[in-house]
Amino acid sequence: MLTVTDLNAYYGQAQVLKQVSITADAGQVVVILGPNGHGKSTLLKSICGLVERVVGAVIYQGENILGQPTDRIVNQGLIYIAENRELFPHMTVLENLKLGAYAKSARAHEKRNLEMVFDLFPRLADRRNQLSSTMSGGEARMLAVARGLMSNAELLCVDEPSLGLQPSLRFEIFSIIQKINKQGKTVLLVEQNIPQITELADRIYVIEEGRISFEGSKEEALSNEHLKEIFLGM
Amino acid sequence: MLKLNHVTKKFGELVAVNDLSFAVEAGQVFGIAGPNGAGKSTVYNLITGFYPFEGEIAFEGRNIAGRQPHEISKLGIARTFQIPQTFPSLTVEQSVGVGNRFGARGRFDPAYVESILAFMELTPVRHEPTGQLSLLDKKRLMMGAALATRPKILMLDEPMAGSNSNEIRSLMESIRRINAEMGITIIIIEHFMKVLTELTSTLLIIETGTKVCMGDPETVVNDPEVIECYLGESYG
Amino acid sequence: DTIPVGVPLAMTGAYTGSGDDYFKGIKMAIDELNAAGGLLGKQLEIIRYDSKEFAPEVVMQGADYLCGQKKVASVHAGWAGWGQDVRAYGKYEVPFFADDGSQAAVDVYKENPEQYSNIFQLTDVGIEQAKSMFRVLMALPYEYPNKKAVIINTDDSWGVEVGDTLEASFKEKGWQVAKRETVPYGTNEWGAILTRIRRIKPALIHIEIPSAQENITFFRQFIKKPTPSIISLGWGITPREVVENLGTAADGIVGEMPTGLPGPKAPNAAGQAWIDKFVGLYKHQIPAGSWATYTGVMAWANAVKNVGDAYNFKAVNKYLKENGYEGHQGLIKWDADNVLRAQAAAPVVHYQVQGGELMAIYTDPPTKAYQDSTFIVPRWIK
Amino acid sequence: MSEDTLFLIYELIDVIISGLTNGSVYALMAVGLTLVYGVTKAFNFAYGSFFNLGGYLAWLMIPVVGAVGGYVSIFIAVIPIMFIVGYGLEKSLVAPLRKRPEWEMKVMMMTLGLALFMDNLYAVVFGGRVKSLPPILEGTLDVGDLVFSYQDIMIFFLSIGGILLFGWILNNTRIGMAVQAVAQNPEGAKIVGIPEKRIFAATFAISTAMVGFGGILLSQKYFISPMSGGAIMVKSWVITAFGGMGSIRGGLYAAFIIGMLEAFVGYTLGMSYSMIALFILLLTTLALRPQGLMGRA
Amino acid sequence: MSWQRMAAIMGVVYGIVAILPLFVGDIRFIMQILIICLIWAVVASCWDVIMGFAGIFSFGQVAFFVIGAYTSGIFAVSWQVPAVLAILMAGLFTAGMGVLVGLPCLKLAGPYVALVTFGVHMTLMPLLRGDIGIALGSGGSVGILTIPPITLFGYAFSSANIIPTFYLTLALAVTCSVVILVVINSYWGTAFLALKDSEEFAVSLGISAFKYKLMVFALTSFLTGVVGAYYGHYIGMLSTRMLELDLFVTLMVMLVVGGIGKFPGAILGAFITVTVNELLAPLGSYRAVTMGALVVILVLLLPNGVMGFWLRRSKAGATST
């Protein structure tokens, strides 16, 4: 479904990703781990066309999408759920969610998806008319995840969805991802604070200093003591 | 040391903090937890003077309600923000300097700033502009700048969010040392129970702005009401 | 080897239009002189300076540039700073011709006539022009139905000067100035004032706004529901825009032009030849200022010829002051204040729009109906 | 009722009419700016100059298409031209700046240069004198002593109608929401699949087209002069900000409030006090509502 | 940029300007332009401090300049206050006005600050021209035409003795620039920057937004007022024509050229803009057209002005060697 080969990403002069290659097959959950600031988010953003200078190849369903504008990519069924949320501050929760279904493929399902996300996050349903800029940290995170889910995408690039969520919801996220995956969708996930997440993972990658330092199945990961201690400890 | 008396904050219809009272003793590490939108960050904003409110907040016996944020900072209350704040026009060193220059009573003390930089492991990035630091470094920077004001009490808002276990361990160690070695009282908002149970001596749980329970962390996390509203059945 | 002549006029900004009109007269005069072999055998060369919007330091710089740097033999301006120019050019001895029409400029002159002896005003001050307007308005062959007047003027020195004088004149004559309004430039919506006017039903409305747009919008809105009032636009009639844009719709409006050559039918053959030449060159009737600046250049050239040295400024200035100049309409002379007061050979010309063009109907002083033209009672007065 | 009170009532109605006329003119002036500036925060100093561009284009066409009957063809021709000019301008001059930090400031500076360029070019090409267009509608509707000019009535309805339609589009259609989304968070807009570059250019283009429309309507009422762009820009800006950044309806209210204020101040104290009165009104409004009349907090 | 660097650039620019009279001293026209340049350099720098540096979107700079000029002119003409004293009083009065204007701006967002400050600009013209202005001694629409020159120890500095006057202006400009340099490199400057970047974070670290924002207003309007007053005494006359958009636009172009928020840039910008404008003068009515086109091109090619360009160049040079 997605094959990334030899990706190099830069911010100005600084190279953040170095020769990164990953693959995700249809229906898989691929988890990416790594220390803070080593390029996880940059990888997801590069795939979705949000980083200016990227060299390499991103093959999505047989087509190289690298260099395409993000809106084209989104319309092909790829969505990025941002670590720093990227909400529309002066719009209400509902307006934010509706915009989540902006892509053509999502429009038809807007109603159904709206019910779904309100079901997943009842808090959002209660606050549908609140401006998103006044939401609490966790509420805003829910909104960001929910907005991403509105897109009906086939491949979801999810960046730290549990960040700032209360413990019960952190588990909730786990089951949401499970559910989505069961619907046959592919998930590319950066997440280090949901202990159970490895159970879901079909593949695990670790990025350190911009390079892939580990790659393997969850069994291989769990048998790697170093990895377990640092990234899967919670 | 810090005492909230029947504090209430409304945003229009919404009661974000509802008749809340609690006290923090000097030298404590005091934890606050509760569901998303419970009003935790709002409590911080009230204490540090960002919003007007009803009720009374006393610091070292003095009512500080109605004071401006910068005055409160001068009294010795420092804080960090849930969403990282930085000064993109300033370097890391300058940003920490800001805390010392404006927040601390007494003269600007470069040696002290230096020691904070070292303590928060910011020395390698000291000359970088702060806008593009990684999340962890931004959090360290906020803590460092807050510490540079030589606070009596340091209030942290989800300092661990977004970090992996390794990083969390090192942050916890730093917080412990701030409390023990520098003698600074700490209030911490977190959603990681392990952090709270290991660090805090008292844990307060609030929900929709109201106190649910308060006490020693082990007891609190086993409180059925807390499990019900906050931790979830699967917690454990 | 040429004689440089300085021309500081607005070439950019809000005053570009009037700058152009002044320049037309100057250019025509210089071209004529050059075609006739130049001055003292030398060709004249125009050195322009953009006085933009007459901020003090710009006026000052213009003087220093033209007189100090370019060593011009004379300076020909139009609107030039309303007093600021006297200070700026008074530092030099170069003959300086301006069309400030402002008492403020004369007041500065009076501070030190010796020092400012090189400053020559081409037109009379607002006060005198206002008096002339008043004389003509009272002399019109028309029975005013009442003695109520409305005066609207801009908030700059010219507008206020004219407005004040007119107000005093009306009162003196037993008229009532039922409304006096000072408006800022850019006033284009006249509803509130017209409401008042419709209630007052004045016999006469005088507008003194030296910019065409305000005059045009006023008239367009007035005419939608006119009162039986004579409309006098004062100086505002003379920029070409009023007749260019309103055409015959403007028929009936009256107004004035200081130091004018009455047209389109000139009083004498020389004048007629001049007008024909001007129209041939620029394809329209004379706008305000062209004739005045033309005369200024010619007067200076004549003085230089008689003195025999373009750079003997003292002598040129002295000659101008003592002898004036024999122009197309006769001898003109500057008065003690170096102002070319309204006089028979440089009269204030009063116009009425007839057939979509400005027709001279009066000259002043002496106040007399112009040749065989007639005042027509405006169509909106039944 | 005595004749005097009757007169006073007439006068009051007259002043109100004149306030409404002012207001609709201002609304027409400001609507394009409320879109580009109010919504996208990119201040366009050349706004007034585009206004005049519409007027000059129409003026150039009048001799070709003939006067009164020709207005339809003028609108049909000028509005698309303005749209294309706006689009091209955004693509060539604004878009390159948007990649940079503090781009709003840079756009402001760039358009400042553009305004200087355009205004003075008009002066050179068309001369300093004012130009006029023949009125679209002539004649008045007389109701007793009251006069309503058809022209003003037309402007009144066109401006209110236009703005309401426009506000509706912005708040209720997909495209409108996309415009707002891009303005509030371009990165977020990209993420949800909004073609933010195209939306931005389209916003600019639509605004310019509207300016062209307004420019023609106003030029046939007030004439065109090369340097009047600055004054139009300033007025529109005051209205936009006063109404509350990003609120189209706020802009509409602001236009009419300011129009009324000017009419009443002009009627009672004199025209020269209207600026001072406006300033006082601004200060008091902002003291009570720092986000402008209708702006979101 | 380090303060040493700023000082060095300032030193070079003013140094060059200081020796110019050796070459053009007898050309009064050019001396006059240099003096005006120095005046604009200070005004533009002040504007840069408040807008570029402190991030407060003030559009009141020209208004403060005119307020300073008129205050001093009125003191000197109506009350025969000696020029030097009048200038000082004008500076203080303008600073007071700055604080007064700053107060309502404290709680307002950028566009509204711009609105209020420009409102002052727009109100000033009818105020000075109207009855109130005339009562105060503004001379109404005529302006004040007889402002006495600055006299120090019996020596009159006016355009009659242009070289000494030039050096006096230079001294004033250097003093003002040094004040700005010192302030923005002191902890005040840090406070301005911190407040601009994140007011929340800044106040939580003990910076008083109230105090420092008003300080910016007070400082910039004081300097602008002083320079405005000086302008009045130097030119000897004032009129409300300074409030037309012309000067406003010119000053802004200086900022663009110099680079916004790049402090000594505004000084460079003033000199470059005036020079280019004068060089373009032979184009006549095309001058302003060309100037406009140049500004557009400049913003596109050098978004941070010449200063930004220079810094980038020297940085690139530094890293490559």
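Miscellaneous remarks
Order of writing sets the labels: A, B, C, D and E. Residues in every chain begin at 1.
Assume a residue touches a chain if its C-beta (ideal position, glycine included) is under 8 Å from a C-beta of that chain, and two chains touch if they have at least 3 such contacts.
Please read all numbers here as calculations on a predicted model, not as lab measurements.
Note on connectivity: the fewest steps through touching chains from subunit B to subunit C is 2. Counted as hops between touching chains, the shortest connection from subunit C to subunit E is 1. With every chain reduced to the mean of its CA atoms, the largest distance from subunit B is reached by C. Subunit D and subunit E have Cα centroids lying 32 Å from one another. Annotation: 44 Å between the Cα-based centres of subunit B and subunit E. Subunit D has its Cα centroid 36 Å from the Cα centroid of subunit C. Across the assembly, subunit B contributes no residue that touches 2 or more other chains.
Counting partner chains per residue, subunit D has residues 120, 123, 272, 275 touching two or more of them.
Those residues of subunit C in touch with two or more other chains are numbered 12-14, 16, 155, 182, 184.
All chain pairs that touch, listed by label, are A-B, A-D, B-E, C-D, C-E, D-E. Chain contact summary for the complex, subunit D toward subunit C: residues 7, 10-11, 14-15, 17-19, 21-22, 25, 120, 123, 127-132, 140, 142, 145, 147, 149, 221-223, 225-228, 231, 262-264, 266-267, 270-272, 275. Those residues of subunit E whose C-beta lies close enough to touch subunit B in the complex are 187, 190-191, 193-194, 196-198, 200-210. Those residues of subunit C whose C-beta lies close enough to touch subunit D in the complex are 12-20, 155, 181-184, 186-189, 191-196, 198-199, 212-213, 216-217, 221, 224-225, 239-241, 244-246.
Within the complex, the subunit E residues that touch subunit C are 27-30, 32-33, 36, 125-126, 129-130, 140-143, 145-146, 159-160, 231, 235-239, 241-242, 244, 246-247, 281, 284-285, 287-288.
Residues 174, 177-178, 180-181, 184-185, 187-197, 246, 296 of subunit D are the ones touching subunit A in the complex.
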